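Chain naming follows the written order as A, B, C and D, and within any one chain the residues start at number 1.
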Amino acid sequence: MNGWLAAACALVVGGLGPSLWGAARGTTGRRVVAQNMATLLLCLVLLLLAQGYGRPSYTDLALVVCVLGPAGTLVYIRLLGEEIEKHPPGARLLTPAVTIGAPATVVPLCVATGPGRAMAKLLVIGALLVAGGLVTTRALRRG
Amino acid sequence: MGDALDDALLAAGLLLVAAAATAAALCRDPARQAVLLSLLGLGLALLFTVLQAPDVGLSQLAVGSAVTPLMLLLTVRKVRRRKRHE
Amino acid sequence: MRGPIRRWPLAAGLAATAALLVAACLRLPHFGGDRHPYGDRAVRTALLQRTANTVSSVNFDQRALDTLGEESILFAAVLGTVVLLRQTRDEHRVAPQPAPVPPPLRRYGTLALPVALLIGLYVIAHGQLSPGGGFQGGVVVATALHLLYVAVDYRALERIRPVGPYELADGVGEAAYVLLGAAGLLAGSAYLANTLPHGTFNTMASGGTVPLLNAAVGMEVASGVVVLLAHFLGQALEIVGEEGERT
Amino acid sequence: MTVLPYLVAVWIFLIGVYGMATSRNLVHAVGCLAVTQSSTYVLLLAVGYRRGATAPVFSDIPVGTPVVDPVVQALALTDVVVGATVTALLLALVVQTDKRHGTVDPDELTELKG
């Protein structure tokens, strides 16, 4: 039984699925919040999959998501700002997802990999994820 | 046991992509459709990773997460701007 | 044809296509099967050429000519978009109003830009080793530059993005690919043949021409996407018709 | 599980075509074309999958490990890039159509011609 893959599977079913549901209905603001949540969760899932498959090279995908995901959300905020401002979305789940979810995934992975280049990469991804998540959440609240 | 988990991940990825594609095709407002298309892109990237194709997943992520939505939304804005003037 | 009249032919067409496709699916080799004759040969060749990333080896070595075709499609698409979105005589440019950006977002944008740029270059440079390559990295580089638009300001983006040099770089990337192919001919082998020494397996200097072609593609894709987005941005934010539409 | 991936590809193709055919906005139609195109990625990669194998990238696994088919992955990679550029070109055409005719509704455009 591969715990990493099981965790990834649980995050897909319990996290990405509901995010898609959120992105498919409601106001534009809520949809963008769901998109932001999905990029965060996908990044965590990709990290877990890289560990679960025993393929450190797969972490490059997470590295790309953790910068391009927030960039995508910022695109929506910049170009749909007026629509989002009309009905400011609640983004209550985002902050805990970022501040708890990211460390809760990255720290066990760091322990499993041990010190070295791979761990440095993981920490960079974690830092970028938290920074990007916090900034986009704040920008979404302001609309 | 590992096999069952692989199957579960594959099935989850496939169903997520199918659902995202359906939602994106049926959403009539282009701006909201752009949000769903980026969700479809994320789902595809997950599916490609599970299908052991990280190269393809990476290009899907690169293209789908910011560049395509930006082009779609800029087109929407251009069209709306002209509409508003009429 | 409109409304319900159009629905019936569409439903019939979709149902027929669905039936054919499903019938075809049932006859396809089963999902997850063990017979991949082409794949096995491609892997063997890639290892002979000492390229760790087999997909890059297929794209830039074994089937490099196909990639030249793809490159040309990309080049042509960028060219077509530039022509379609150019500013016509009855249009003029109006500088867009600066958008209010909160300082933390501005700081994030200026800090994330170099990081994203580095990630893009890393993805291009490691194309022969780990997942990635010129296409993926090139798009990441282009997206990184546009962080300036989404997180700082459009005018900040314009400052680092004079479109002319990027158009030139797009052409140079395409030309570099073609010329690297000709190097194969000069070396007395076929066009786009991998004539360089193959290097040591699983190091940066491996794969012969693969990293060079990757760099050429990365340059073309990055500048091509920048040019594409520059024209879309210009149309959506700056260019107004004679009726004087406003932002 | 032996045919599910292929059926998902078929479904994505059909729903994309349905969206395009019933679209009332050309920008939406271009989005639906992107959906339709993603069915080809799923189909290609499903054909190349090998159960229990891993990615054909030997930077972090020993040579000789069973790997999935790299040829279809190279094809799908090309497909993704071409798909994005086609989207860009079509969107540019939509902007032009809007300038020339003042509408992006395919039905209204047909009426203009006829």
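Here is the rule we use: a residue touches a chain if its C-beta (ideal position, glycine included) is under 8 Å from a C-beta of that chain, and two chains touch if they have at least 3 such contacts.
Since the structure is predicted, the reported quantities are computational estimates derived from the model, not experimental observations.
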Taking each chain's centre as the mean of its C-alpha atoms, which one ends up farthest from the centre of subunit D? A
Once you count every C-beta pair in contact for both, which comes out on top, B-C or C-D? C-D
Centroid distance [mean C-alpha coordinates] between subunit D and subunit C, Å: 15
CA centroids of subunit A and subunit C: separation to the nearest Å works out as 24
Residues touching two or more other chains, restricted to subunit B: which are they? 6, 27, 34, 52, 54-55, 57-59, 61-63, 65-67, 70-71, 74-78, 82
Among subunit C residues, those touching two or more other chains are 53, 55, 123, 129-132, 135-136, 139-140, 143, 146, 228, 232, 235, 241
Going by the contact rule already set, what residues in subunit A reach two or more other chains? 53, 55, 57-58, 60-61, 64, 68, 71, 75
In the complex, subunit A touches subunit B at residues 1-2, 5-6, 8-9, 12-13, 16-17, 19-20, 23-24, 28, 31-32, 34-35, 38-39, 42, 45-46, 49, 53, 55, 57-58, 60-61, 64-65, 68-69, 71-72, 75-76, 79-80, 83
Taking the complex as given, what residues does subunit C use to touch subunit A? 99, 102, 104-105, 108-109, 111-112, 115-116, 119, 123, 126, 129-132, 136, 140, 143-144, 146-147, 149-151
In the complex, the residues of subunit A that touch subunit C are 57-58, 60-61, 63-64, 67-68, 70-71, 74-75, 77-78, 81, 128, 131-132, 135, 138-139, 142
Residue positions on subunit A within touch of subunit D in the complex are 53-58
In the complex, subunit D touches subunit A at residues 54-55, 57, 59-61
